[in-house]
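Next come two complexes built around subunit A: one with subunit B, the other with subunit C.
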Partner chain A sequence: MVKNKKAIIILIAIMAILPIFIKSKVVLNAIVLLLIFATLGEAWNIITGFAGQTSFGHAAYFGIGAYTSAVLYFHYEISPLIGMVLGAIIAAIIGVVTSYPTFRLKGHYFAIATLAIAEVIKQLFISWRYVEGATGISIPILPRSATFMERIIYLQFNEKVPWVYISLFLFAVVVFICDYLENSKMGYYLKAIRESHEAAESIGINTTNYKLYAMIVSSAISALAGSIYAQYILYIDPFMMFSLEVSMKIVLLTVLGGIGNIFGPIIGAAIFIPLSEFTRMKLGGSGTGIDLMIYGALIVLISVFQPKGIIGIVESIRNRSTKKKGGEGEVEALTRN
Partner chain B sequence: MKSKLVVLLLILSLLFTTVITGCSSETSKDEGTPAETATEEGGTEEEAAADDGETIKIGAILPLTGSAAATGVKLQAAMEVAQEIINGEYPDLNMPLAKDAGLPNLGGKKIEIIFADHQGNPEMAKSEAERLIEEGVVALVGAYQSSCTKPASQTAEQYGIPFVCGSSSSAALTERGLEYFVRIAPNDDMESEMFYEFMLYLNENYDVDIKTVAVAYIDNEFGVHAKEMAEKWYNEVYKDKGFEYLGSVAYATDVTNVDTEVQQIKDMNPDAIFHASYIADITMFVNKYRDAGVTPKCVLNYCGGFQDTQFVVNLGKDSDYFAGGAAFTAAHLDTMPELKFINDLYREKTNSHFDGPALEEFASIMVVADAINQAGSLDSDAIMEVIRNTEFDAPYFASGAIRFNESGQNEISASYIVQIQDQEYQAVWPEDIATSTPWVPFPDWSERK
Partner chain C sequence: MLKVKNLNVGYGNVPVLFDLSLEVKQGELVSVVGSNGAGKSTLIRAISGILKPYSGEIEFMGERIDNVPAYKVVEKGIAHVPEGRQVFGKLSVKDNLLLGAYTIRDEKIINARLNEMYELFPRLKEREHQKAETLSGGEQQMLAIARGLMSNPKLLMVDEVSLGLAPVIVERVLEVLKVISKDVTVLMVEQNVQEALEIADRAYVIQNGRIVMEGPGEELLESDMIKKAYLGL
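What follows is the complex of A and B.
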């Protein structure tokens, strides 16, 4: 736990120093996206990695967060900082309302239900005029003469560096929350539920409540990331926010990095996002989705040889180098079956 | 130990991020090198060598991969034609910037289009816009899908870089009050009005008595907005001119069967159907209309699948009688020598005629280059000043000119009504540019030759 904290602090410190040396907008853009998706991966990790409830519909909460802040700003000029908080609350409520009945479903059936819920929410947003329906919302941009204070209130920056720090701040907070959760009583309860639902109930854990708590935290964090994403891109529509592609990206990068481990999402994102940006820039115009092909190949290789993800590879190298067998059980992963 | 390894790995990942993206941006910065430029822009090595890094860069963001890749590649070819015209010498061609090589007011400097791929993804459109701006482009053009044009042009606005949009048709684009954004294509708002006016014309001159209207639309940004505009014009103007709006039928973007939708339309039995559809779905609809015996008096298509020449290839003689708005028809090639000239260049690249969107993207490069030339500088504000206040000569459009209004919309609509007759696109309205008279009403499917 202490080691974890040290590693987190070093990681965040490195991230915080990066913008001093990197001036390229392209690289900074990749870092911002990397941090936003790593945050989403952390959120997904809570419900799936810790609690074992596989969600394929996290784009729904991501989208709700984005829409809440964007709509409030678009219609009423309410600061996205307030919109973010409201978005997180709304996403948490929707998370609870939709999860309460679906938590009765197990395994694949729960996963299918989350997929369906995200799709239903997408269709609602497509035909909902108040949120501009399929047309999407172009977030009104501040004039170039806007003061720095206005830019902070309305969360709009023409430079990349503030975005790196905003997304890094969110990621840092989320990673500490996850670290705390992982080692808290709730974290142990969730892992107990993940390993055996029946056993957890038999020792007196209220499984429904704890799964709901996990969902509240997970959906609220996803919504916060969504609000930042919307302000960053300055345009949202239901097709980009609620797409299966977003849900899958979250799942894939976390699985690639290492599911159930707080470092998994950032490692996965640090590989996936640059890979995607680089292959598009280099191969854009020649191949279709080569980045996803390479990524798919990586996932296949990892699932076959090391189901714990990249973090599992680190673990096995460590075990081999220290000749210790069995590890210390700190690296958690969904390796049942 | 474990924490050390984790940190090591994280550092490696970060290095990977930096190196990979850093490399590519560095390569991009070296675009001045002849070989690199030639590969990037698809031009010839000699041309690039002559440029010697002294070119004026224009960024083009297009869907070069993904679901709209086929269209994106065509649009790229259209822009390359514009680049050839501007950079080459064509003394006989009566078109702005054609006679001299490069931009005369900037000492004959040549333009260089840097293409970027957004894959139909708004997030990537924004990233690519930023990358191009960082590479020093003077202006941006693109991005075909309205959902990608929006974030890309928002980014251009933030950096104060002019964005000249060619073919994106969503009216919402010019309703955002952006200072650095203009659009050449007529939007679905203007097309809706044109459709009603065309029907009035048909009623007056061909005695077809079109009264009832229904809209079939794809359930996305393009379709929904088109439907809203059809309803808006009906409620505001054409309700009082004898039309009746029966309703609309939406279908999913990934539709594979339109039986239900066609049945709904058949039940409504409208005199006119407005279609906001892409090529795959409009093909399905026409096939089902034939099978179900749906025979309205006319079908009018928003800018989309109908304008793609593939429509005729897919449907053969069944494509006859369908009509819609378009900025290009091959029937005009005989009467418009400039259009014929650029169409020949385009055919060498793509083996097909221009179509509306391709011609509009061609126009976007011509307008940008013309504005830079007239401004005589690369200053964004000076260029934008020219774009906003000038009527551009556009002999490749039937309308002959491009002029932007306050919101940035080209108010001289490049679009007119075309109808497929004997599997050829013919201009049928307005009369002064018509190459044929309209075929109305639809005959019964069994009576078609």
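What follows is the complex of A and C.
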């Protein structure tokens, strides 16, 4: 646990120093997106990696977060900082309302339900005039003369660097929450539910409640990431926010990095986001989806050879080196998570 | 202590138990035996609140529990060791046990229980930091029982303890249950009829969702019907 905390701090420190050396807007853009998606991966990890309830519809909460802050700003000029918080609350409520009945479904059926819910929400937003329907919302841009204070309140910056720090801040907070959660009692209850639903109930865990708590945290975090994303891109529409592609990206990058591990999402995002940005730049419109193809191939390889993801590969290498040291190695390998 | 009266339970539209009644008294070790599909596990699941009965009463320590959700039944003092062990495979042996103490808030009591379990099952102490999935079948069954006992139950319900275990191991697990039954009332469900009747104070025989015989374990062992139907004698 202490080891984890140290590693997290080192990781965040490195990310914080990066903008000093990197001047390229392309790279900085990739870092911002990487951090936003890593945050989403962490959120997804709570409900799927810890609690074992596979969600294929996390784009729904991401989109709701983005739309809440954008709509409030667009219609009423309410600061996105407030919009973000409201978005997180609304996403959590929708998470609870939709999950309460669907948590009765097990395994694949729950996953299919989440997929369907995200799709339903997308269709609603497409035909909902108040949120500008399929045209999407262009967030009003501040005039060039805007003061620094205004820029903070309305969360708009012309430079990339502030965005690196905003997304890094959110990611850092979320990682610490996840680390705390993993080692808290609730973390163990969620893992018990993942390992055996019936046994968890038989020892007295109120499984429905704990799954709902996990969903609340997970959807609220996803919504925060969504608001940040909307303010960064300054344009959202239902097709990009609620798309299956976003849901899948979240799933795939976490699986690639290592599901159920707090470093999984950041590792997965660090590989996936630069890859998709690169193919997008080099191949343009005709190349859309190439990144997903490469990614699909990676996932196939990972699930065949190391289902625990890249983290699993790292661990097995580390275990092999400790085994060489002698007698205790075997036991060590078995006890290490 | 536990009274089941005219219980009707099933899955959806498929009824499994019909007007089933049984009783477990304080300090007893009661076995419910029967073949595959007789409804043994359904009975246990109904008592522990995982399944809601269609009709009938389940009373524990003078309190109706047939409409209490599963997680609250544990608080009332009933522990359920589920069929097929179902240990939390990716968690350590110790974490499995600690999770068993979910309903206890006092850390001191939890630690005391933990030590008692290690005394009862020294094997678990040896492997306390190992992942539960790396244990052998017999050890996992011991872990599942110990996990059930961690909540300091008044009644321990054990579902199909012999499932997938070698005969030698089954005997050892049952011996342990016999020892446990000195302190805790035990209700076990088994298809391994011979062994289950040997250790039981009293036993019930279920066939097609109905109780067809009851009495002291040894008496049932002697009965012609049991000999013919289950023991092949």
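We take it that the second predicted complex is superposed on the first by the 317 of 337 C-alpha atoms of A that agree within 3 Å, B and C clash if a C-alpha of one lies under 4 Å from a C-alpha of the other, contacts with A are read in each partner's own complex, and residues count from 1 in each chain.
By our rule, a contact is a pair of C-beta atoms (placed from the backbone, for glycine too) under 8 Å apart; a residue touches a chain by one contact, two chains touch by 3 or more.
Remember, it's a predicted structure, so these values are computed and weren't measured experimentally.
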item: Contacts of A:S24 with subunit B and subunit C, given as first, second, both or neither; value: first
item: First (subunit B), second (subunit C), both or neither touched by A:N158; value: first
item: First (subunit B), second (subunit C), both or neither touched by A:I266; value: first
item: Partner chain(s) touched by A:T207 [first = subunit B, second = subunit C, both, neither]; value: second
item: Partner chain(s) touched by A:E150 [first = subunit B, second = subunit C, both, neither]; value: neither
item: Partner chain(s) touched by A:E198 [first = subunit B, second = subunit C, both, neither]; value: second
item: Overlap of subunit C and subunit B interfaces on subunit A (superposed complexes); value: 331
item: Subunit A-touching residues of subunit B, taken from the complex the two chains share; value: 1-3, 5-7, 9-11, 13-14, 16-18, 20-25, 28, 64-66, 69, 76, 115-117, 119, 121-124, 126-127, 130-131, 133-134, 147, 150-151, 154-155, 157-160, 170, 172, 176-178, 219-221, 223-225, 253
item: In the complex with subunit C, residue positions of subunit A that touch it; value: 188-189, 191-192, 194-196, 198-207, 331, 334-335, 337
item: Subunit A - residues contacting subunit B, complex; value: 3-4, 6-7, 10-11, 14-15, 18, 22, 24-27, 29-31, 33-34, 126-127, 133-136, 138-141, 144, 158, 233-235, 237, 239-240, 263, 266-267, 270-271, 273-275, 277-278, 280-282, 284-289, 310-311, 314-315, 317-318, 322, 328, 330-331
item: For the subunit C and subunit A complex, residues of the former touching the latter; value: 48, 50, 69-75, 79-82, 86-92, 95, 98-100, 102-103, 129-131, 134, 144, 147-148, 150-151
